[in-house]
Amino acid sequence: MKTKEKRGPVLSTDYTEGAHPAVMRALISSNSESVPGYGHDAYCETAAARIRRVCRAPKAEVYFLVGGTQTNALALDSLLKPYEGVLSAESGHIANHESGAVEFTGHKVLTLPAENGKITGESIRNWCRRFYADESYEHMVFPGVVYLSQPTEFGTLYSLEELTRIREAADEFGLRIYVDGARLAYALAAPENDVTLPDLARLCDAFYIGGTKCGTLFGEALVFPKPGLVPHFITLEKQHGAMLAKGRLLGVQFGRLFTRDLYGQIGRHAIAMAARLREGLKASGFEEAVSSPTNQIFVKVPAETYRRLQEANVGGFWSYEPDGSVLVRFVTSWATRPEAVETALSVLKESQDV
Amino acid sequence: MKTKEKRGPVLSTDYTEGAHPAVMRALISSNSESVPGYGHDAYCETAAARIRRVCRAPKAEVYFLVGGTQTNALALDSLLKPYEGVLSAESGHIANHESGAVEFTGHKVLTLPAENGKITGESIRNWCRRFYADESYEHMVFPGVVYLSQPTEFGTLYSLEELTRIREAADEFGLRIYVDGARLAYALAAPENDVTLPDLARLCDAFYIGGTKCGTLFGEALVFPKPGLVPHFITLEKQHGAMLAKGRLLGVQFGRLFTRDLYGQIGRHAIAMAARLREGLKASGFEEAVSSPTNQIFVKVPAETYRRLQEANVGGFWSYEPDGSVLVRFVTSWATRPEAVETALSVLKESQDV
Amino acid sequence: MKTKEKRGPVLSTDYTEGAHPAVMRALISSNSESVPGYGHDAYCETAAARIRRVCRAPKAEVYFLVGGTQTNALALDSLLKPYEGVLSAESGHIANHESGAVEFTGHKVLTLPAENGKITGESIRNWCRRFYADESYEHMVFPGVVYLSQPTEFGTLYSLEELTRIREAADEFGLRIYVDGARLAYALAAPENDVTLPDLARLCDAFYIGGTKCGTLFGEALVFPKPGLVPHFITLEKQHGAMLAKGRLLGVQFGRLFTRDLYGQIGRHAIAMAARLREGLKASGFEEAVSSPTNQIFVKVPAETYRRLQEANVGGFWSYEPDGSVLVRFVTSWATRPEAVETALSVLKESQDV
Amino acid sequence: MKTKEKRGPVLSTDYTEGAHPAVMRALISSNSESVPGYGHDAYCETAAARIRRVCRAPKAEVYFLVGGTQTNALALDSLLKPYEGVLSAESGHIANHESGAVEFTGHKVLTLPAENGKITGESIRNWCRRFYADESYEHMVFPGVVYLSQPTEFGTLYSLEELTRIREAADEFGLRIYVDGARLAYALAAPENDVTLPDLARLCDAFYIGGTKCGTLFGEALVFPKPGLVPHFITLEKQHGAMLAKGRLLGVQFGRLFTRDLYGQIGRHAIAMAARLREGLKASGFEEAVSSPTNQIFVKVPAETYRRLQEANVGGFWSYEPDGSVLVRFVTSWATRPEAVETALSVLKESQDV
């Protein structure tokens, strides 16, 4: 394997490794068992039960899907009526980096200006007021669902207070709330966070607990806290090409994530690594472009520094800035070793010394 | 785990176990490596190169996807022009058991009568002649792609001669050919088979080499033998929610399948187990409902026998017959142990003795 | 204008002329008035009120659309849930001659064998029973709506008894019923008919009263007898590109159709002309291929006769028969003059004399 | 008819009347002729030939459709590849007032900031540069077509110079250009305009010549200057429910519009009426909110003035302004009588005198 010769990417993102070893062990130990397909197995049942318990949502419907874009597109399509679109921060993942997967299902993404990746109850309310004040609103796309990500694409967090305000605005205009939790473990583990899984279950109509970026080989657990919201979800899943034949793989992995607080451990490790990186950056005089408490750290660096980071395969490109510098993103995960943080800091430091 | 207490399903289908142990070992050994996401890694590169080699299609484009319905819907959508539909046997998987995934992408499935799951060059030619003879054909759905499955849903096989005739008919009417190879390993290993991977690459515009039912945890390798047929397939993949973040998982698995002929071994084992079952059935006086040379065996049994099979968790329901009997399907796989075959035969035998 | 030099098509179909003179006069007299757009005008209001009255459905929602395929696709999309398809006779217009417009909206057409264009309560019931008996029905397309056409594509009629049986089957499986009434005037006027507009309103969930083929320049009146079934239909209409800016044109035309029984007159005239043609055909020894009581008459003729009909621009091609002969369709309408019938009969007669 | 009692809306928009009397006469005189359906008639042929001539595009394909949203959605869907979206001014009609018709066909509208409704070659170029500079552009929606409206939604015009710059930018990035000409007559007739029909045919890949707002009962003529760009457009038209059975109605109307320069006359009349209104507004001290040279005039008025305008059924609501005032739009058309302008001016004047 050639990949072994070259050092893999460092801190570039949180899906560069396989599964957390404990998750891998669960897959190994169940591998030779014969169980029914399509999620009709005891592993899925057990995993769903554990998720219901940690969410304190005893009647929640839990569906296990493979990936994030798939989950977003399927969940939103199932929540939206045909004449509705989804309200999203203009920086929302669905608005930018999913190749138009939402539009592919026939729905418009209605973008709201965002600050550090976040929208507010107030901005939703204003948007809806303008919408219904327009005499020709029947010729427009109705707002139907609010899309949030926790943490956001910039690693920032909605507070319980903010989420509550959004719920109020949503209720005022008959909107549902959907939360993209691709990196939810890293939100839950952040010291600044005050939104728990039971809060999400109480305040949202649907959300997903991310596995792919938080310890599994792949997989996202979609939760509808109130049962019966989406009839025949299984069929929609199949129709979207989102059903995994060996559904048990998702049950086994999520079952393990929610055993002995593995999901919590995973989150806390990444947050600890991120804290160490933040400290080092500060010590070296680098400033975070976005003040964020989770596992993503954005730093603006000169083009030359970016070149060195690339050479060392450290960090990831985010965007070119108008002044010629580059916004770089460092991401920690369950798999991040302290040496990786040191590597990143030393490359950055060296580039300063020039 | 409750599943351990209850014996898992026996011969019910070919996706009741995890991955072939050798595939699993490859996943384990590569698990902690850090590699880039979305299939831009050396494992995917190596796997694709091996597939090109076994297909003798040195310029083929190879894409790794997660599941069969997903692959069918995405591949067909990418091959079809917006005014075209896909010709399929009326018993084709896309026409019946994919929850309308093809229609979800906006295309019609145009069904042809089939015998034992197969259509012919002649039936395609006749359909197309009738189509173009209709003066209002511009108000109809144009034929665009021919969908075949090898083996078919009934386990039968297209011969090289038959496939060649279909290619001729397709060429006459400007159609592309797509082959669903969910169980391709079991076709390739059947003694009756005379269609090789290089034949598929030569005669088809696209086909997929099934992994999910043939030894991997999940995954299908979609092959476009002639490059450039579908521009920006990666983006379409993302748009369909079909892109796996940790694409390496597919590369690792398919890389292993095509190392030291594992794919061939897997196929041959299942075919050997199926032969043993066929022999036993014949000895007991059971007749196959469809004469098929691969890993699926269809037997019509009395309702009472079906009840006993269910009780024993052996075989799978296929359909109720008008006379009250039940069509049962037995499926072997890489994971089938001889004892499973014995179990099935003894349940069937006992039910006869009553 | 070149068209004036050449005689136009005779009895080829029921949309070869413009509007009935009385409808045209209504358009002329209202032409210079300034009224609001998009159907928010008094003409539409009045027309809808009249339709509610003749349907004895005082709360019905009535929407005016431009064409038949548009109305079918929009109405079905609005009635179907995303996991549902529409049951149709295999000869149904939506299954054959609408370029996959239903599939374009993401839904499958589920075809049932038909006799003379008709399906039965029994065939629907059997289809649904088989569907729900299949253990993997969640992987299939759910039946959602029954599509009927009155008269059918072959000019045949559902009797009140037959429609009642279909309603019972539909209720048993939670299906809605939609009736395509492109040629409804000709059904209502047929002596054999016993299904009235109030019957349709009572037994169906939606149906449309055809204008395009029954006296207007264009336009179909879609009726939802029970209000509230489809929220925000106006927005769906716009989304499908089906909203007419000058909606008043539809209101004016349908308002006139349902004044002084013009719709009845139109139907009766066409039926009288069809009767005369039938008589002449019988006298000349031609046999109807389908026994139908409305304005379409299907006759199988030798290829040479078809050539002569073509030359004379009389009748319309329907299909080639296996024996080399041609199925020809003659259609009468509000615009058919007795001389047209004579022309058709004399061409047919002459061809016999050879 | 109740509508006769109440005065219709004045200057509210350009589709409040029926057809221009000359167009109506053409419909009347051809009404009883029998011609083939679906646009296969001599009227459509003649009208297309005339349009080719005025566009100096002898090989152009011309298709006649019913309405603007329909034409936009169908034309864009036919021009866009499945992985592409359409670039539009954020104020573009497709981005706001078509109920998501573009998204319904699976494509994203990619919005660019606009000034007075216009985008520039520079803004397109910058957007595309950023797009291709993003390392993950394969996960985004590719730019495929540039949507422009001439005149824009604010009545402003692209100059020949501006359109040429846009063409250059489009060519640099392989984009097609589509122009929405719903009100094209009013652009062509404006003294400030320097973009002719032959310019549009030379610089664009598709555009439509608006009929609905420019003299016909309904209808838009879609022009593809270079033939062969969209194969089987007729079938796509049918699939979108956009095909008019009596296609001749469109041929008759557009044939007349392009006879003896009726389209020019219609435009000039509306522009003359708009000039008179502009003069009167200026004299009364009202200022145009957007400086526009065509038939739409935007004026910001106090809420009380708006109330009076509403009472008098004069002008149309555009939007509420943050300061409590209302943006009102006055629209002239071929049907505007000088008295209507006087009425509007007197209501505005009276409201000032209070």
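The chains carry the letters A, B, C and D, assigned in the order they are written, with residues numbered from 1 in each.
The rule we apply is simple: contacts are C-beta pairs under 8 Å (C-beta built on N, C-alpha and C of every residue); 3 or more make two chains touch, one makes a residue touch a chain.
The shown structure was predicted, so the numbers you read here are calculated from the model rather than taken from an experiment.
Asks: Just to be sure I understand: going only through chains that touch, what's the smallest number of steps from chain A to chain D?
Replies: 1
Asks: Using mean Cα positions as chain centres, tell me which chain lies farthest from chain A.
Replies: Between chain A and every other chain, the largest centroid distance is to C.
Asks: Please state whether B-C or A-C has more C-beta contact pairs across its interface.
Replies: B-C is joined by more C-beta pairs in contact.
Asks: Quick check: how many Å separate the C-alpha centres of chain A and chain C?
Replies: 50
Asks: Could you put a whole-Å number on the gap between the CA centroids of chain A and chain B?
Replies: 33
Asks: Can you compute the centre-to-centre distance for chain B and chain C, using the mean CA position of each chain? Integer Å is fine.
Replies: Measuring from centre to centre gives 42 Å for this pair.
Asks: Would you pick out the residues of chain B that each touch at least 2 other chains?
Replies: Correct list: 83, 98-100, 104, 106, 138-141, 235-236, 238-239.
Asks: Under the stated contact criterion, what part of chain A meets chain D in this complex?
Replies: Against chain D, chain A makes touches at 83, 85, 96-100, 103-104, 106-109, 130, 133-136, 138-141, 317, 319-320.
Asks: If we count contacts the way the header does, which residues on chain C are in touch with chain D in the complex?
Replies: Touch list, chain C to chain D: 1-4, 7-10, 12-13, 15-19, 21, 24, 27-28, 30-37, 41-43, 46, 66-74, 98-101, 104, 212-213, 217-218, 235-236, 238-246, 248-249, 335.
Asks: Flag every residue of chain C that touches chain A in the complex, lowest number first.
Replies: 38, 77-78, 81-83, 106, 138-142, 231-232, 234-236, 238-239
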